[in-house]
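Structures given as structure tokens follow.
Below, subunit A partners subunit B and then partners subunit C, in two separate complexes.
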Partner chain A sequence: MELLPQALMDGILLGGIYITIAIAFSLTYGVMHIIDFAVGEWIMFGAFAGYYLNKVTGLDPFLLLPVVFIMFALVGYLIQPVIHRVLSGNKGNPLLMGLVFTFGLAIMFQGIALTVFGFYSNSTPSVFSEGSFFIEKFGLSLTISSIRLAGLVYALAITAALHYLLKKTNFGLGVRALALNRESAGLMGVNGKQTASLVYGLYVGVSAMTGVLIGCILSVSAQMGTEYTIFAFFVVVLAGMGYLAGVPWAALLLGMVQSIFLIYFNPGHTLLAVFAILYIILLISPRGLFGRGV
Partner chain B sequence: MKKRLLCTLALVTSLLVATTLYAADEAVFKVGVVTELSGSLATGGNVTKRGYDLWAQEVNAKGGIDIKGKKYLVKLYYADAQSNPASGAAAAERLITQEKVDFILGPYSSGVTIAVAPVVEKYKIPMITGSAESPLIWSNKFLYTFGTVPPINFTGATPIKTLSELNPAPKTAVILGSNDTFSKASAEAFKTAAEAAKIKVLKFNIVPAGQDLTPLLSAVRGLKPDLIAFGGHDEELIKLVKSLRQIDYTPKALLMHYGVTEPAFVEALGKDANQVFGASVWTNTAKTKSAILWPTAASYDAASMKAFNTPADYTQAGSSAAGIAFQVALQKIGATPGMSEAKRTELIKALEQVNIDTFYGKVKFATSGEYYHANVGMTPLTVQIQNGKTVIVGPKNIQEVPAQYPLTPWKNR
Partner chain C sequence: MKDKSIRWGLPILLILIALPAVVQDTFFLRVITEAIMWIGLALAFDVLAGYTGYLNFGHGAFFGLGAYTTAILMMQAHWPFALALPMGGVLAGVGALVAGLPTLRLKGAYFAIATWALSRAVQQLALIMDITGGPDGMRLPSFLNPQFFYYLMLAIVAVTFALLWFLLECSPFGLKLKAIREDDQGAMALGLNPTKLKMQAFILSAVPTGILGGVYAYWITFIDPASTLGDLVSDQALVMVVFGGMGTLVGPVIGALLIFAFKTLFWAYLSDFQLLYLIILGAVIALSVVFIPNGLWGTLRGLRSHKKSEEKKDESLAAKLPQNEGE
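The block that comes next holds the complex of A and B.
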């Protein structure tokens, strides 16, 4: 039992990483109904952007986050009309077409990354990477890594910022209206195309910033994207598709399950346990943990 | 009439060109290469590609393989296994049935090699893998599959033995292995060797491939092991070192395999890569001498620097040595491109008799026992990263420098 506080803390810190991976992914599904299989690849490109910008400028990756956000938000904003065209076609099943299209994008992005960045794994250094806090009280010991704590703070900040944007601004009102009913929102003066482009830009920008963070905590490689796509998908399905408020809780639950299973049970079966839990929760509540998903 | 004449002329010309090309192709050894060019194991796969490419470039630069006074060029036909055994098997089948390759240079990973081996067995096409290290490949006794890197149960005991001779020797160990064929075999080899060296194994776990192991390492921290040994691949190794640094636990010794010898390991981790131990069979400082292609390990490394601007590690060297083994066996039986089934069987016999000194070391395939068709001519080495360079620290008789032990705490680096 002496390991329990550490297990819980590690679970929370791991959950912080999962929040950053899934929050914008959930937003873009909620508004645009895109299940973007390229989410991991945006994270990967962001990780490389952080790695190279750090190499060139020597600035800490955390200081580079706004630069990476702007760069990628612009890319997302410009790409969105292409996705919109696929999704709004009158032939076939647009949702399925969107899935296939983003899956294709993911494969293409992986190939581009392998060709451009090479096949080696890298790591982005940060001033937070080297430190940790050690707490020893009441017979319990707890180690908190500075970089993971910074990651959790970043995750909570992004969640709060998105919450504010959606609930307290006119833009957010437009986004929510669009998510509820595209046609009615249009009749009320919401520019659907532009709002969707802005949301997709926001999503790509946030995902890229997450990549920078992951590059500092874990590693950077052209092959890294698939793993994060799976986790983003897991968290969003568990939270309820498109239900943004559920994402932090689902992410923390995933982090906790992984942490506790790695410590107390057979580590080799961690992913099996994680997906078994997802399966059981979806059997009981098909619309996610809170029954609020689409 | 004129139009018909022109058409006939065009047809005859294209037939002539096709025949010439076909004839030209006949004078070339078609070499299939199945390896992981994409997916999670792309790093190792591309390292093998460098080794195969360098061999083909060097052979062709010398005019080709000399068979009874006539030289034959080699042409590599790549097929991407996508880090997936099933894709690897399909890729091998395509190379054999459609490209009609003469022989195959095999995958980086053991998992893909085990999937490809039955395919080459079915079509009776010889294959040498320049990388795969799992004992499972050799215990299956595939007739058509060979390997230049010795299996991990042949090499894995050496670093543990080196560590057990240090002062004070590690008394306890935690051994982890990623959940894939090679990594599991590495972890098991470390465990067997640790138990034989009277090092108490406090924890032995096979962990999910590619995952963040920080929570598990937090638990390991509580056990305070002297040695942490990990079987995994390049990116997993980098993540593990970063996790240990993040939880601020420095064991007395950290042993990892495979990836320590890759230049990217040092580049990604910087000073944190220093003092990490690894297993190997070759370094660019190895005292080898050869009359075939490259005379020494240093000259091979220089060729690698020239071609790829990267120093070579043992996987790349083993891959080039796989090409050399084929080259020597082909010369011995006087095989020419487009070999018949009988000739390919003869090639297997010739490979079994290969006993050559190369820049990589001795290549000699076992013909019986648990290492059947694996290279047993090499001496296993314990390597350590010191000041960003891979150096040999064991066995004692070939040690270049003493091991740096125990590890300098992360905070003091």
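The block that comes next holds the complex of A and C.
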């Protein structure tokens, strides 16, 4: 039992990072009605970008975050029109085709990463990597590594920024209008194409930035993408599809499950546990933990 | 439709039956056997993806389920192959029933990722369980008779094709599935039961896949989680169907033949660049979605019917013209 507070703490610290991925991910779904299979691969490429930029420039990964964001947001902004073209085609089944397209991208990205980076696993060094806080109170002892704490601070900052963007700006109003009803939003003067490109760019940028952090906290490898795609999906479905307010809770739950399996059980079984939970939740309440999904 | 299928299907079947008598080269026979297996896998994938509109990225899990069931029954319970093989199909069907119960409630992208995550979980399970031999996989007794496996594979795939042709092209079942694909609310309003039909399609897709997995296990004599439960089975079935043409039965056959031929040549001549194959596979999927969304067969058929309708237009115009002159 004495390990439990530590497991919960680790879970919160880890779960915070998943929030950023899942919010951007479900935002893209809301606007483009497409689930991006390549989400994990964007994270993976972001992690590698952080790793190599750090190696070349020697700057701390946290300072590199804006650079990585701009780089990847640009890539996402430029790729989105292709996805838009697939989705708005009148041949075949556009929605399925969009899905197949991102799936193809994911396979291609994986192949490219394995070819270029190989099978090795690395980790990005940061100033926060070494230190840790040790708290002893009420007979409990907790160790908080400073890099994980920095990760949580990052996650809160990004979540707050996204919240501001969505609720307080004209751009956010347009995004929410598009998610609600694409045609009406278009009639009210929202430029659907432009907004979708921006949202996709934002999502790719945030995913890549989070990837940099995951590279610092956990590790960087070419095969890491698959895992995070499953995690992003897990959080979004558990939260209820399209219900953004549920995302933080679902993300924290995922973090808990992971850290509890790491401490008490075999970490190799985490994926099984994640899927078992997902399966049961879908059987009981297909609209997510809160029953508020679409 | 019916006489056309017999006109084309029968000669092809006869040629394929006579093939081992002509081809003595066992390597070539092996390649053709595997090509036939991929045709079967692509066809089964298309039942759900093309006809029902549900992408099952966990298709490989059924293949692995069939392979492992057959292998375990043969090795641990000492069943004969003839009994163990159908059990592979049965278990794949049961697996589809259990997996379909929650996942078929999901739509579109969510279904795709749920099945994908499920197949990852099944792979993890095979890696940690004792009965499957974990990451070391399982060895089966070798039965070295290439002709036997060729005919077995051919028989299974031919029966699958005939069954699917009958169910999907010549009976209301195919139309019902297409109705769900186009508009499941509308299909429900017309008195169809989408949940039941989707489940039937899911099982119809899983059973042949499981049986093919069982044959594969006995044929290759070695299975492990990476080769039978890995991503590659689903990925390749997907690219074959998308490239060949979704929602048709001829498309997957064409796609499977072309992609498999490419894969065989690629691995034969460029075996040092196996990772490159992954890139090409992904690029082929992405590019065919952008440029030929209906697949090769769908595009060809579209061109042909376009030409026909233009000819008809010309004829009807020509028929009208003299009348006008007469007046």
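Going forward, the second predicted complex is superposed on the first by the 282 of 294 C-alpha atoms of A that agree within 3 Å, B and C clash if a C-alpha of one lies under 4 Å from a C-alpha of the other, contacts with A are read in each partner's own complex, and residues count from 1 in each chain.
To be clear about the criterion, a residue touches a chain if its C-beta (ideal position, glycine included) is under 8 Å from a C-beta of that chain, and two chains touch if they have at least 3 such contacts.
Computed from a predicted model, the values in this text were never measured in an experiment.
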item: Fit or clash between subunit C and subunit B when superposed on subunit A; value: clash
item: Which of subunit B and subunit C A:Leu114 touches, first, second, both or neither; value: both
item: Partner chain(s) touched by A:Ser145 [first = subunit B, second = subunit C, both, neither]; value: first
item: Which of subunit B and subunit C A:Ser207 touches, first, second, both or neither; value: neither
item: Partner chain(s) touched by A:Ser259 [first = subunit B, second = subunit C, both, neither]; value: first
item: Contacts of A:Gln223 with subunit B and subunit C, given as first, second, both or neither; value: first
item: Contacts of A:Gln80 with subunit B and subunit C, given as first, second, both or neither; value: neither
item: Touching partner for A:Leu271 - first (subunit B), second (subunit C), both, neither; value: both
item: First (subunit B), second (subunit C), both or neither touched by A:Asn122; value: first
item: First, second, both or neither for A:Phe233, with subunit B first and subunit C second; value: second
item: On subunit A, the residue positions that both subunit B and subunit C contact, one per complex; value: 110-111, 114, 226, 266, 268, 271
item: Subunit A - residues contacting subunit C, complex; value: 29, 34-35, 37, 82, 85-86, 89, 91-97, 99-101, 103-112, 114-115, 226, 229-230, 233-234, 237, 241, 266, 268-269, 271-272, 274-276, 278-279, 282-283, 286
item: For the subunit C and subunit A complex, residues of the former touching the latter; value: 49, 53, 55, 57, 101-103, 105-106, 108-110, 112-114, 116-118, 120-121, 124-125, 127-128, 181, 231, 235, 238-239, 242, 246-247, 275-287, 289-290, 293-294, 298
item: Residues of subunit B that touch subunit A when the two form their complex; value: 37-40, 42-43, 45-46, 83, 179, 205-208, 210-216, 218-219, 221-222, 234-235, 238-239, 242, 245-248, 262-264, 267-270, 410-411
item: Subunit B partner contacts - residues on subunit A that touch it in the complex; value: 2-3, 6-7, 10-11, 13-14, 17, 110-111, 114, 118-123, 125, 129-130, 132, 134, 143, 145-148, 217-219, 221-224, 226-227, 258-260, 262-263, 266-268, 270-271
